[in-house]
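Each in structure tokens, the structures are laid out below.
Below, chain A partners chain B and then partners chain C, in two separate complexes.
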Partner chain A sequence: MELFLQQVFNGIMFGSTYAIVALGLTLVMGILNIPNFAHGHLYMLGGYVTYFFFATLGLGFWLSLLASMIILGMVGVVMERVVFRPLTGQPPINDFIAAIGSLVFLEAFALAVWGPQGLRITNPYPETFQFLGITMTVQRVLVIVAAAALIVGLHFFMKKTVLGATIEAVAQNREGAMLTGINVNRVSAITFAISTATAALAASFLSPIFMLSPSMGAILGMKAFIIVILGGLGSIPGAILGGYILGLIEALGGGYVSAAYKNVFAFGALILILSIKPTGLFGKKEA
Partner chain B sequence: MLKLNQVHTNIGGMQIIQDISLEIQKGEFVALLGSNGSGKTTLFRTIAGVLKPKIGTVEFDHVGIHRLPVHKIVELGLVLCPQGRQLFPELSVEKNLILGAYPLRSDKTRIRKNMDRVFEFFPILKERLHQHAGTFSGGEQQMLAIGRSLMSEPKLLLLDEPSVGLAPLIVKLIGEVIASISHEMKTTVFLSEQNANMALNITQRGYVLENGRCVLSGQCSDLKQDEKVRKAYIGA
Partner chain C sequence: MFTKPIHIKLFFLAVLIAALLLPLFISDAYMFQVVIMSILFAIATCAMNLIIGFTGQASLAHGAFFGIGAYGVAILTKAGVSFWLALPAAAVMAVLIGLPVGLISLRTRGHYFAIVTLCFGVIMWIVAGNWIELTGGENGIFGIAPPGDILVPLIGRIDFSSQAAQYYLALAFLLLTLWALYRIVYSVFGLTFMAVRNNEALADAVGINTFTTKLISFEAANFIAALAGGLYAIVIGAVSPSAAGYGLTFNFLIYLILGGIATLSGSVIGAFAIPILMESLQFLQDYQLLIFGALLVVVIIYFPMGFVGGLRRLNQIIADRRRRKKSEAVHVSG
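Now for the complex of A and B:
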């Protein structure tokens, strides 16, 4: 029972990160109509930027996190403007290639600046406590709480504000959005900023727990991509639920069978769900 | 109010609109007639800024708008209610309407007022306020599209084939609403239609397009008598 609860706790923590990263990927996908394959690499960059402010400059954890979110938000705006906007109206394969190009660049950049060896920031909240017979660290609880707060906050932003509604509008009908007077370029830039800043947030919370490495973006980006397919392309609730499900599958599979196989469980679940429901958990019927 | 000067528009290298000049005065109610594929939609999308003319100019209230982005043109008061409606299918009626008022977004009372006026035209939209637009029938979607385009209080409203594919009873209802938008709201309306019958009965004058060129224009009473128009568009 303890093992089960411990793995559920870990699964929810991994899942929190996955949910946020997949959420950002889904938001931008609504705008681009293809997944931004560089999303995991933006997460990786967010982790390093936090490392830079926290370990190199010696700022506090929360200030470093904030700085990382702001900088990654700006990176998102620049990326939309320089990489993707010039491709508007061209075949989706061009966006696809541009995203691959960006991720190669980001990984090479991190490698050049921070080197190939793993880096870790000192855990700002290393305290542990016992709850329901399992051991929790404050940092891990913080990951879960922060992710939940972010998801609730984003939900209200999307559903209750006009700016949030414009993001949905542009995703659902770009030309229709233009014709109501929405500046779709501005909405695209804001969407990218939200997507990259939330990735930086997730990376910042996890950087005291896991090593940073230039290659971590590729694995996480791939998983986020799986989650987005799992949840139903473009579905926000699907991305969130899919994130938590993947986290739980990995943690339980890893805990009971072998941690070495956790990616096998992740991909296995993807294949299983898609064979039962080809459009994903929250997928729409083909139009 | 609207002035087109020798406008040519290309799509994918093909000349679709060729040498169109026309002028619409404030308060007028004008029809754009033409069979399927004659270029009505392309012309309207050019005026609204979705497509940019290859040659020629578009002036709105004496300002050249043919190089402006679409949202700037909307802010000036020129709104296109597009063919195919281009609604937000997974947003509620209410949100579709609120987004229609995007240029007025800081003025909540005006948005309320405009929404109430849309409900006077189309009471069914009020009953379905929280339903997703994508669940609607064609006629209801067209009502919502017209309602959405009224939300920002346009000075000039372009309505692109609002009756296409709808049942005669709905066409009649929509025709009446368009007529009262023109008369009661004093909005200048430019209406494109394949259904020349409906359009010629409510508008004052019209232009006839063929293969992207303007081949005829005049008062509706004259167009109705024109042998070519009768043959091609009225079926009489």
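Now for the complex of A and C:
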């Protein structure tokens, strides 16, 4: 029972990360219709930027986190402007190839600047405590709480602010939004910034727990894609739910079946589900 | 309609003669190895071109099928099977594994297909790294013997332990691949591939079985990729999970896009120019992928048809200008 609870706790923690990363991806994919395959690599970059501010410049954890979010937000704006906007109207596969080019670039960039060895920032909250017989560290609880706060915050942003409504309008009908005078390009830039900044947030919270490495973005990016497809393109609740479910599947599968094949569960689940329903679990019917 | 002008034919002939004479001019064993690897990558890239370039389905499991070929040959030759049997067996294995993968993934379209095939690629890569009894895990399989001698009538016994012999073996497979692809692409059957790429709904409406067409293209690409992988195993003499990884897929994609998608020569040019360029830019070792990643983005935005596509456009512009001059001359004299 304790093992089970421990795995569930870990699963929720992983799931929190997945949920945040998938949330950012589903915003970009659903609203801008851009398959930003480099999303996992932007997460990776966010982790390294936090490392730079925290370990290299010696800023505090929260300040580093904020700086990382701001910088990654700017990276997102630049990426939208330089990489994806010129490709509007081209065959969709070109977006995908451009994203692969970006991820190759980002990974090589991290490799050139920080080197291939794993880096870790010192845990700002290393204290542990016992709860229901399982061991928790404050940092891990913080990940869960921060994810929940972010999800709630984003929900209110989308539903209660004008900017959120604008983003939703563009998602629903791009041409219609243009006709009502919405600057679609500005909305695209903002959406990208939100997406990359939230990825940076997730990476910052996890960087004291897991090693940073240039290749860590690839698998996470693919998992985020899986979640987005299963949860339905552009569906925020789908991304959140999918994130937590995937985290739990992995933690339980890894704990009880095989740790080495932990990642296979996620990819296998996707292949299985898409083979039954080719447009995703909550996907719309193809036009 | 499909015949090429005579100067292009002569150019191809010159390239072929140069390729046949190349071993006489390369003294550096390392550089020779790079050239042989480029040939193998060219074979795999040509195969990728068939499914991505001509059929329009972004299969990102390509590296996995290359890996199946490499591991298949490694495992079978280690078990005592002759290379000449192991190579076709590994390629057939790739087709058999590709069948359920294709049946499942080809039901999806566009981005979804790319992601599903990529997931399959990642699964293969994880399996290659963890199924230690079969694949040797992260260390891979070492000491794969070169192919056994074969007796050819008139020529005699050919020994494949030398680099030059392996070069000609790889070159023969590249020519075979190009010939096969040429026959496929410029046939009515090849036209159905392109019809599916250009407008799947329309292709369906005129009576093309689009699913079967895509599946055949996918499987043909897998078969050729596995052949290239099998040759890779004996040329390098070892395989490791990186020979089945998605990094390899991305490399092929870079060769394909930079060389020129949907052109037969483009994939060969890309697969040759880029690795050799990388070797000669050794001082940029750490920044190579930085450059190629950025280059991929620039090319897809500004020159989506790559190097060969760019050449063709240039050719077109020159031809147009000439025609305009000629018609102007006619107007003046008339």
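Here are some notes:
Just so we're on the same page, the second predicted complex is superposed on the first by the 268 of 287 C-alpha atoms of A that agree within 3 Å, B and C clash if a C-alpha of one lies under 4 Å from a C-alpha of the other, contacts with A are read in each partner's own complex, and residues count from 1 in each chain.
Keep in mind that, in the parts below, a residue touches a chain if its C-beta (ideal position, glycine included) is under 8 Å from a C-beta of that chain, and two chains touch if they have at least 3 such contacts.
Please read these numbers as outputs of a predicted model, since none were measured by experiment.
In the superposed model, A:Phe157 makes contact with neither chain B nor chain C. Residue contacts after overlaying the shared chain place A:Pro35 against chain C, while chain B stays out of touching range. When the two structures are aligned on the shared chain, A:Asn183 is found in touch with chain B, with no touch to chain C.
By the touch criterion stated above, A:Ala108 is placed in contact with chain C alone, chain B being left untouched. Of the two partner chains placed around the shared chain by superposition, chain B is the only one that A:Glu175 touches, whereas chain C remains out of contact. In the superposition on chain A, contact of A:Ala165 is made with chain B only, not with chain C.
A simple residue count on chain A separates chain B from chain C, and the partner touching more is C.
Shared interface residues of chain A (contacting chain B in one complex, chain C in the other): none. If you check the complex, the residues on chain C that touch chain A are 52, 56, 58, 104-105, 107-112, 114-116, 118-120, 122-123, 126-127, 130, 246, 250, 253-254, 257, 286-290, 292-297, 300-301, 304. Per the touch definition, chain A reaches chain C in the complex via residues 35, 82-83, 86-87, 90, 92-94, 96-98, 100-109, 111-112, 218-219, 222, 225-226, 229, 260-261, 263-264, 267-268, 270-271, 274-275, 278-280, 286. The part of chain A that touches chain B in the complex is made up of residues 162, 165-166, 168-169, 172-173, 175-185. Contacts from chain B toward chain A in the complex involve residues 48, 50, 69-71, 74-75, 79-80, 82, 85-91, 95, 98-100, 102-103, 105, 148-149, 151-152.
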